[in-house]
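Several structures are given next for inspection.
Two complexes are shown next, each including chain A; its partner changes from chain B in the first to chain C in the second.
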Partner chain A sequence: MNPVTIQPHQPGPGTDTPMLAVQELGKSYPSRKGDVLAVRSIDFAVHAGQFVSVVGPSGCGKTTLMMCIAGLLPITTGNVMFRGERMSGPRDGVAVVFQDYSRSLFPWLTVEKNVALPLRDRGLPRTEIRDRVRESLEMVGLAHAAALHPWQLSGGMQQRVAIARGLAVRPEMLIMDEPFASVDAQTRASLEDLLLKVWAETGTTVLFVTHDIDEAVYLSDRVVVLSQGPSVVVEDLPVELDRPRDQIATKQTALFGELRENVYSLVMASQRRTSLSGDPH
Partner chain B sequence: MSDHGAKRSSLAASAQAMGRGVQSLWLLAALLVVWEIAARLAGSLFVPPVSQIFVAFVDTWLSGSPSSLFLSDQFRVDVLPSLARLGLGYGAAAAIGISAGILIGVWRPAGAFFNPLIRLGMSVPVTALLPIAIVLFGITSGMNVFLIALGCLWPILINTYDGVRGLDRTVVTAARSMRLTRRRYFLQVLLPGASPAIFVGMRISIGIALVLMVISELYAATAGLGFYIVSQQRLFRFPELWAAIVLLALLGILFNAIFAVVERVLLRWHRNVRPEGAEGH
Partner chain C sequence: MSDVRVSHPVKADVPAPSPSGVPTAARRRGPTPDWAYGLAGIATMFVVWELVVRTGAVSADSLPYPAATMRRAGELLVDATFLTEVAQTLWAWLLAMLAASAVGIPLGLTLGYFSAFYRPSSSVVHAGRSIPSSAFLPIAILLFGLGTQMKVSLAIYAIFWPILLNAMYGVRDTEPLMLATGRSMGWGRTRLLTRVVLPSAAPSIATGLRVASSTALIVVLSAELLGATSGVGTVITTYQQAQRPDFVYAGILLVGLLGMALYYGFNLVERLVVPWGQAQRESGR
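Now for the complex of A and B:
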């Protein structure tokens, strides 16, 4: 037998291997009238510890892209590399928070049991599971709701439970699909700040999908702008706003305004282009 | 907050239900009085007054010693065999129906293969199979059990199948992203998710079971409630015959009450989830 080669230390933010590399990812859905292309070709990379947003108009294929990256949908062309390894299905270390949070929580389980579920059957001692559940519920400020059922909570609270469930596994990467799309503006702002706080505390890499340009710029280190579907990457924009960010102060800076306008015109331009070049039906 | 609201409203609901219960009891009492008077006036042999039926009921079924819970020997001779057949037939139907329903629900090719067979089985009136069952089993308890099981099987099977197939896609995807073990997926996602539908099937079937128990015993049995009813008819003992019918009605009410309790306890989440979005106002 060959001697076991010791793996080099996990690459950090400074090294070349990104945590996630999406390479020419394409996805088409089979249908009766032939395949429907949802995602044409997407390339981008996310380094460990980064907060990266993906924005694009509604229906451009964001959910599809996110499901492919999370290994929940088979991809048609291209590759998804996680720490240099090709992903072929869901894996430990990647947690997902879904667009439809109210249905991704299990109503028959209490909040506590919902959060504990992804920790089960992994050889963790009972006490460790209990501590981790408590810890992640505390992070989202819901320790007091542990014994309730999801349907006894408000929408914003349910979304926080979904985030806690993602955090409980201490993921290397947290993928979130429009997590705040269906809560009111105030709740949304406080959830955004909560997410930034948790991100700073845990050092988890975040891939955040949204159609809200302000939200993307406010939260991220980088914004990946998608075209209208079938989507391609229009621009990969660094966001060099200072941290910690503030809902009012940050959004008043000139740089924020510039970035926001920049992303906005990119999205609009891509929409115009597609509607002009799109074949007439 | 929301918890209190839920408690208060469920309290109010049960108070309302009780009010309705009292009202319908008044109606029942009035009907019985009308029956009593009309029967006395008409003096029909076939429809005796309620008071006679009541006396017959107590004499026939409740004349036993306190040590046997006042249940009479007649109860042991006729009701217990009936209940045993019902329990066996219904239990077998539930065991087979739920397992087969889950199997064909999970395994698509089997579902497509067995679907026509199930539809066919469902549309044959089981009572029409009584002569065949008698030929196959003779006049034995096995025949009654077989018929009850066959009649109860289809509703349970088809509802379980629908429940499994109708599992919310977000629920399934979320479970997949957590990489649960098969066992855990089955016990904490699939089974609870399908349980409301399974329950509907079981509830429909208990009514069918009661009907088939009586019918099969009317035609072919040497003991049992159905057999007792026919023999009383032949002896022209109509108060006793009516008392047996009352006992059947009470059994039906008892089974329904058991189901209501089980539903309240096991499917509390389901009742609370259903009014989507309308919660908390």
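Now for the complex of A and C:
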């Protein structure tokens, strides 16, 4: 495998300032019966270089939260701070990878051109763009597929193209919304390891949204557990498993089992609480 | 857990042999090519035709033998007057296609893009396209006489709706996630329009044009059969009045071939210009 050289990003101005700070973020949608609250109040922070996962029961508003953090949906209350600045929309330095690769890659462009998309409009020289595209594709092991179209690739490969597109801008932070939810179990395991490798090589900060508890614990430095919607943070759990992690060995450790059980019971408890509380929403 | 035994440097997964994942070129390399089936269908048609006439199920006065018809078709194909009339028909077809596209596509894109226009306009569109263009034949003859203008105006009416609707739907069906992807890269309204909305509407627009091309030909021919003064249709009616069924059928046969050529021509252009449309259809979307 070619050694890929990408400089890790410099830590922010003050090292105490987190890369991302989500402060009392709330989100409601207007509907005919008045506003529907999807996210009640979320607080957490992600420091530069960290790998943080957000998990929660299905329907807890994970995707909504992710869209808000990425600046793709306006937030109703609270703040999203990026390096201490209030975020008011999508910004450079933050790349997003969505769950549904087949609908987030553009079928009319080749793999190479899809990856080059976020590099356009930046006044970069042609050669620089070409190099960066090749570099990102090499990182996800798809340099050979550059000239193909997304629909000529398997699901796992398409998601790797989407990851490469995220990496092409050398993002300070990569936001991923259940990126591996629509691929089979084996592809998923290899994509997880690929992501850890890329993360280690680039030093990019990762915010990873998933409903899969094992995946969250396996990948992360920290797991933020959300309640059933309208969601709040029920726990912010450090994951002190050794790195590099291994699909077999890491998952066999006692600590992994404990963390997994811990997160699982938190998720289940929050689900039970809401289903018994009789809140009509 | 033996099913997740994945070793460390992760290797590329091979493209899955799913119907959606295989390049189209590879899929076409089957044991029997498509055109062979098409040819078999046409051959069968001729055999049935021959049998129907030979057994006397239909008398040779009403339906001539295939061989005789083919001979007449051959004669027509080298007949300069006939070819001029074909050119007249195609000219009317082309004018209708150009005019309907020039108005229908931009209007459809606009109506589809602005949600304020979409609902009000779609009710008008559905009402409009329910009226067969033949209903306007008397008016068209009154307004434009029996010339090309009349044929073209009827055809424009008939094909304006499918072209408009497909452009509207194409824009309307733009994948929201693709728009979100564009926005996450910092694209504004103009870039989203040119880089996401238009390319994703293109396959639908192409479908509209393909449907319109068949319809336009049918309407132009109908107008010719019903009274226009030029075009292939008038040749057919002339031979009908001269009691020459062999030439009438030869004309019909050639018209069929013309329609087929247009259809396959459009299909080919569609595959070359908007290949992603086909890929999306085949992956079941």
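Simple rule for what comes next: the second predicted complex is superposed on the first by the 265 of 281 C-alpha atoms of A that agree within 3 Å, B and C clash if a C-alpha of one lies under 4 Å from a C-alpha of the other, contacts with A are read in each partner's own complex, and residues count from 1 in each chain.
The rule is short, and it goes like this: a contact is a pair of C-beta atoms (placed from the backbone, for glycine too) under 8 Å apart; a residue touches a chain by one contact, two chains touch by 3 or more.
None of the values given here were measured: they were computed from a predicted structure.
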Query raised in the report: Will chain C clash with chain B on chain A after the two structures are superposed, or do they fit?
Result: clash
Query raised in the report: For chain A, which side has the bigger count of touched residues, chain B or chain C?
Result: C
Report task. State whether A:A254 touches chain B only (first), chain C only (second), both chains, or neither. Result -> neither
Query - Touched partner set for A:Q186, first chain B, second chain C, both or neither - result: second
Query raised in the report: Between chain B (first) and chain C (second), which, if any, makes contact with A:G156: first, second, both or neither?
Result: second
Query raised in the report: Looking at the overlay, what does A:R103 touch: chain B (first), chain C (second), both, or neither?
Result: both
Query raised in the report: Can you list the residues of chain A that touch chain B in one structure and chain C in the other?
Result: 67, 70, 72, 90-92, 94-96, 98, 100, 103-104, 106-108, 117-118, 121, 148-149, 151-154
Query raised in the report: Considering the complex alone, what residue numbers of chain B touch chain A?
Result: 2-3, 6, 168, 170-171, 173-174, 176-181, 183-184, 188-189, 192-193, 195, 269-270, 272-273, 279-280
Report summary line: Touching chain A in the complex, chain C uses residues 1, 3-6, 8-16, 18, 20-23, 175, 177-178, 180-181, 183-186, 191, 195-196, 199-200, 202, 274-276, 279-280, 283
Requested in this report: Under the touch definition given earlier, write down the residues of chain A that touch chain B in their complex.
Outcome: 67, 70, 72, 90-92, 94-96, 98, 100, 103-109, 117-118, 120-121, 148-149, 151-154
Query raised in the report: Mind pulling up the chain A residues that touch chain C in the complex?
Result: 1, 67, 70-72, 90-92, 94-96, 98, 100, 102-104, 106-108, 117-118, 121, 141-142, 144, 148-149, 151-157, 185-187, 189-191, 193-194, 197, 244, 246-248, 251
